[in-house]
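What follows is chain A paired twice: with chain B in the first complex and chain C in the second.
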Partner chain A sequence: MKGMRITLSWIYLALIYLFILGPMFFVLAASFNTETSFPAAFEGVTLRWYARIWDHKEFLSSAWTSTLVALVSSALAVLAAFLAAYAISRGNKRENAWLSATLAAPLLVPQVVMSLGMLQLASVAGMGTGFWWLVAVHAVHNIPFALRLTMTGFARFDFALEDAATSLGAGRLTAWREVTIPVLQSSIVAGFTFCFIMSFVNLPVSLFLADTATTTLPVVMYSYIESRIDPMLAAVSAILFVLACAITLILDKIFRIRLVD
Partner chain B sequence: MKMGFTSVLLLPSLLMIFVFLGLPLVVIAMQSLQDNVLLQFTPPGIDNYKYLLTRPYYFDVVVRTLRLSLLTTIFAIPLGYLAAMALPVLKGRLANMAIMALTFPILAGPLVVILGWMALLPDSGPLFGPLVRAGLISPPRILGSETAIVISQVQFVLPFAILTLYTALRQIPHNLYEAAASNGAGGLQSFLHVTLPLSLPGVLSTTIIVFSLAASSFIAPHYLGGAADLTLTTLITNFVLGTFNSPLAAASSILLLAMMLIAMFIFVKLFGRFIRP
Partner chain C sequence: MPDLKLTGITKRFDKSVAVDDLSLSIEHGEFVCLLGPSGCGKTTTLRMIAGFETADTGTIELDGMDITRLPPQKRDIGLVFQSYALFPHKTAAENVGFGLKMRKLPRADIDSQVKKALDLVRLGQVAERYPRQMSGGQQQRVALARALAIRPRLLLMDEPLSNLDAKLRDDMREEIRRIQKEVGITAIFVTHDQAEALALADRIAVMSEGRLMQIADPTSIYEAPANATVDQFIGQVNALQGSIAKVDGPIAHVAITGGRYIWGLDRQIPVGTPVLAMVKHERVFLSRQRPAAGENIFPCQVVSRTYLGAWIVYHCNLGDQAMTAAVPNHPAFEQFQPGEAAFLHWASADCRIFRQ
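Up next is the complex of A and B:
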């Protein structure tokens, strides 16, 4: 009876993971296919499609733009979230429904709506959108994720350590620099990494707010798919998938940092 | 003094949320009351809403968005719940790996996942192609239908559902199961009287997350649905990038937000009856 339950659990999990990860592994496999159409039956192995990405300079330059947007917006999100997480954990406040609803709001408002609002705000203010508009929406959208990851860190943090530092004469900033931030380092890195990737792959926000100078990688992929899908696009996607897996695994195995608990 | 200092630290997040989310929402609400190329009236007026809700074409978009989001939720919650219950059979490194793998599709981004479905779902694709060619099934025409949207949305929200439900199930004190067993409860009874009732708050928050992810999803209906399968998000995008009609885009956004709020309110009421304080 018990053994049967365990066997069924294994089979069920295998099916669920096949469903969740299958499509991406299929794209990964297709990116090595010599066949020029996508999807196609598997003919042979080639790296041609990866080489071809170099001929499409818009993919490379947009990847760099995405990196810049992701760097700045994640830094802002993590900084804001770290301060808020500190206030909530240290303040030991009773659960404040309005506060938690406000801090979770960016997660629940659709990104399409968020970016439409910023677009209309820009037109009301008579300004053009671009880099900083993208950064602002990415940062706000990522605050709940960053907050969650830093809160996990603070849940394990003993504030007595910080008090010990201040009672020994350290200023508040010194105590933060020498005690709080080093102890919470892994949550901060986890929060930053998660936000960075979420911003890097974000499409809806960038679609509305990017100007010609700040076209991000997902926007370039989007306009490419509008005309055709081919193995080169599968190669770009495969790189994104492999990077996501690699970053998660490296953080976990080498730095013992978890993106999920 | 101390209280004051810590509260100041909340300001950056709250300020960012108010300026970059709250203010834009106010602008949207105001824009939605403006006249436009399609509808001439003296602003402010609710003609845009009237137009969207009385035209069958646009009203269907609202209903379709609601239907697709509800279907996604109805499939994702039980599938995710069972997965969260099954996960503890994995031990050690494998368990760790399984939890991490759930973030892969989230981190790889929706475009990568959708590309996979665009390749897998065609009638000639690797899933149905062999069966169709062998004459075992007639072409299912899944790509370009609401079914395709629901399949990919369920796949997209499942990792979120499993992670939240797994956390909720882990928080149930283990001695409650022992108490149930020592009182002679079998597996099913223990599930009905311990696991299910105690996990309901987790199920509620998962339902809210999954529903709003599904209602917000834009890439799945855009690529996997047919031209006629517009949802509110793709409709908004069409108004913004296609016909440049800001006021109608704004009104559709408010309708989407209203639909999500009403749904969440109903979920909270519905579950509230069963959640013991």
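Up next is the complex of A and C:
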């Protein structure tokens, strides 16, 4: 009976991995396939699709734009989330419910709707939708995720640590630098990483708000498949997949964080 | 001159009063326990002395200097927390050295003072360990060393022993007292545990509902409580309701239910006033024979018996009045079974009378 249950739970686990990682397997296989259409049966191994990415400079420049947008917007989102999580965790219950609800609001609005609204807002305000506008909207969209992860950290944080630091002569900022931030380091890094990935792969927001100078990688990929589908896109996806895995593993090694807690 | 002086301290949170017009003077080198049930305002008082809360009214003076509005990092007050609050990412030595680092002392001075502080708490050997690698008792010692390393003007401890198990708690209690005497520092220790307060303190300040009920040495607090609240909070006490019937020299006669009169020490309360007559459980005797002479002798029936090892506690009925007697578990004292008839008696000197 017990053995049966263990077998069943292994099968369940295997199915979960199959559904999560299975699609990635086909993408990886396609990126090395000599066949020019996609999807297609596996014909032979080639690196031609990887080489072809170099011919499409818009992929490289947009990857750089995506990286910049993701870096800056994640930093802003994590900073805002950290301050909010601090206030919520240390403040009283009434503020708590109100603030949490407000900050979680971006989760409830479909991204397409939010992006349209932001586009409208930019035009009403008479501003362009350049780099900073894109960064700001990405940041707002990411705050709820960063907030969840930093809140997890604060839930286990003993505020007596700050009192201890203060009583020993540290000012508020010094106490944060010496104690609060190092102790919460793993949730902050987890929040940042999560935001970075969310921002890097975001299509709806960027689709509406990116202009020609700030086209992000997902937008370029999306417009590419509008005209054709070939394994080069699989190669791009494979690179992103490997990078994401590598970053997660490295962060796990250094900071012992779990993106999913 | 007192080391620490609180004058008329009041602190409100929203609508409730946490601390109400508290005045308190503590002499240099004194060890004072703030004792009271949870919510009595003792922790708020401590946090105001430390500077984490600001008093609404009143002043706090330390060494003759007004520190009421001074930020906590400028007060030079050492703190020990219930949760230890050791920095988890720093070693024992780095924790102890933190305050010295904040004071920008040279590296060599920090090292030698950290070593001194760790030796003081007998923990020199764990300097390079992280808090998670230490036992609760060791962590609390490091926390104490950290608070003392800055050579504070005052040491505050907030229920520092309540996370330790019973045996360790007794050892740490002795240790804290030894260290406090050795350093000669003025100390305030917050606790809800009366045994801890009685064992540790030079003076105990009993608080209730934000007010200071009494401040005195442990013997006076226990044996001469200033009011019914203190009497009821410290030790186990029988409280009998009645009213003053007659005053006869130093003895007041209190009429209780069933037409009985008990004798207690007079407090100049007028005849007819409703009062509580209080006598501690262990000052009530229980015997089979009616005592030949004495005061407050009443026939009773033993209702239940609780065996506590060192003590045996009997709940008795004195008519419709319940009374409890705690009798030492010793061959010199009689033992009883539930249902037995016996005599309760106690000295009028052990019976205190308070207005209701």
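Basically, the second predicted complex is superposed on the first by the 254 of 261 C-alpha atoms of A that agree within 3 Å, B and C clash if a C-alpha of one lies under 4 Å from a C-alpha of the other, contacts with A are read in each partner's own complex, and residues count from 1 in each chain.
One rule holds in what follows: a residue touches a chain if its C-beta (ideal position, glycine included) is under 8 Å from a C-beta of that chain, and two chains touch if they have at least 3 such contacts.
Predicted model, so just to flag it, every value in this text is computed and none were measured.
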>> What does the overlay on chain A give for chain B and chain C, a clash or a fit?
In response: fit
>> A:F208 in the overlay: touching chain B, chain C, both, or neither? Say first, second, both or neither.
In response: first
> What angle, in steps of 10 degrees, lies at chain A between chain B and chain C when each chain is taken as its C-alpha centre?
Replying inline: 90
> Between chain B (first) and chain C (second), which does A:T174 come into contact with in this model arrangement: first, second, both, or neither?
Replying inline: second
>> Which chain, chain B or chain C, ends up touching more residues of chain A in the combined arrangement?
In response: B
> Once both complexes sit on top of each other, what is the least C-alpha distance from chain B to chain C, rounded to whole angstrom?
Replying inline: 8
>> Per the contact definition, I'd like the list of chain A residues that touch chain C in the complex.
In response: 158, 160-161, 163-171, 174, 178-179, 182-183
> Across the complex, what residues on chain A touch chain B?
Replying inline: 5-6, 8-10, 12-13, 16-17, 19-24, 26-27, 30, 38-39, 76, 79-81, 83-84, 86-88, 90-91, 99, 102-103, 105-114, 116-121, 123-124, 136-137, 139-140, 143, 147, 194, 197-198, 200-204, 207-208, 218, 221-222, 225, 229, 233-234, 237-238, 240-241, 244-245, 247-249, 252, 258-261
> Of all residues in chain C, which touch chain A in the complex?
Replying inline: 50-52, 71-75, 77-79, 81-83, 85-89, 98-99, 102-103, 146-147, 150
>> Help me check something: in the complex, which residues belonging to chain B touch chain A?
In response: 3, 6-10, 12-14, 16-17, 20-21, 23-25, 27-28, 31, 79, 82-83, 85-87, 89-90, 96, 98-113, 115-120, 122, 125-126, 155, 158-159, 162-163, 167, 187, 208-209, 212, 215-216, 218-219, 223, 233, 236-237, 240-241, 246, 249-250, 253, 256-257, 260
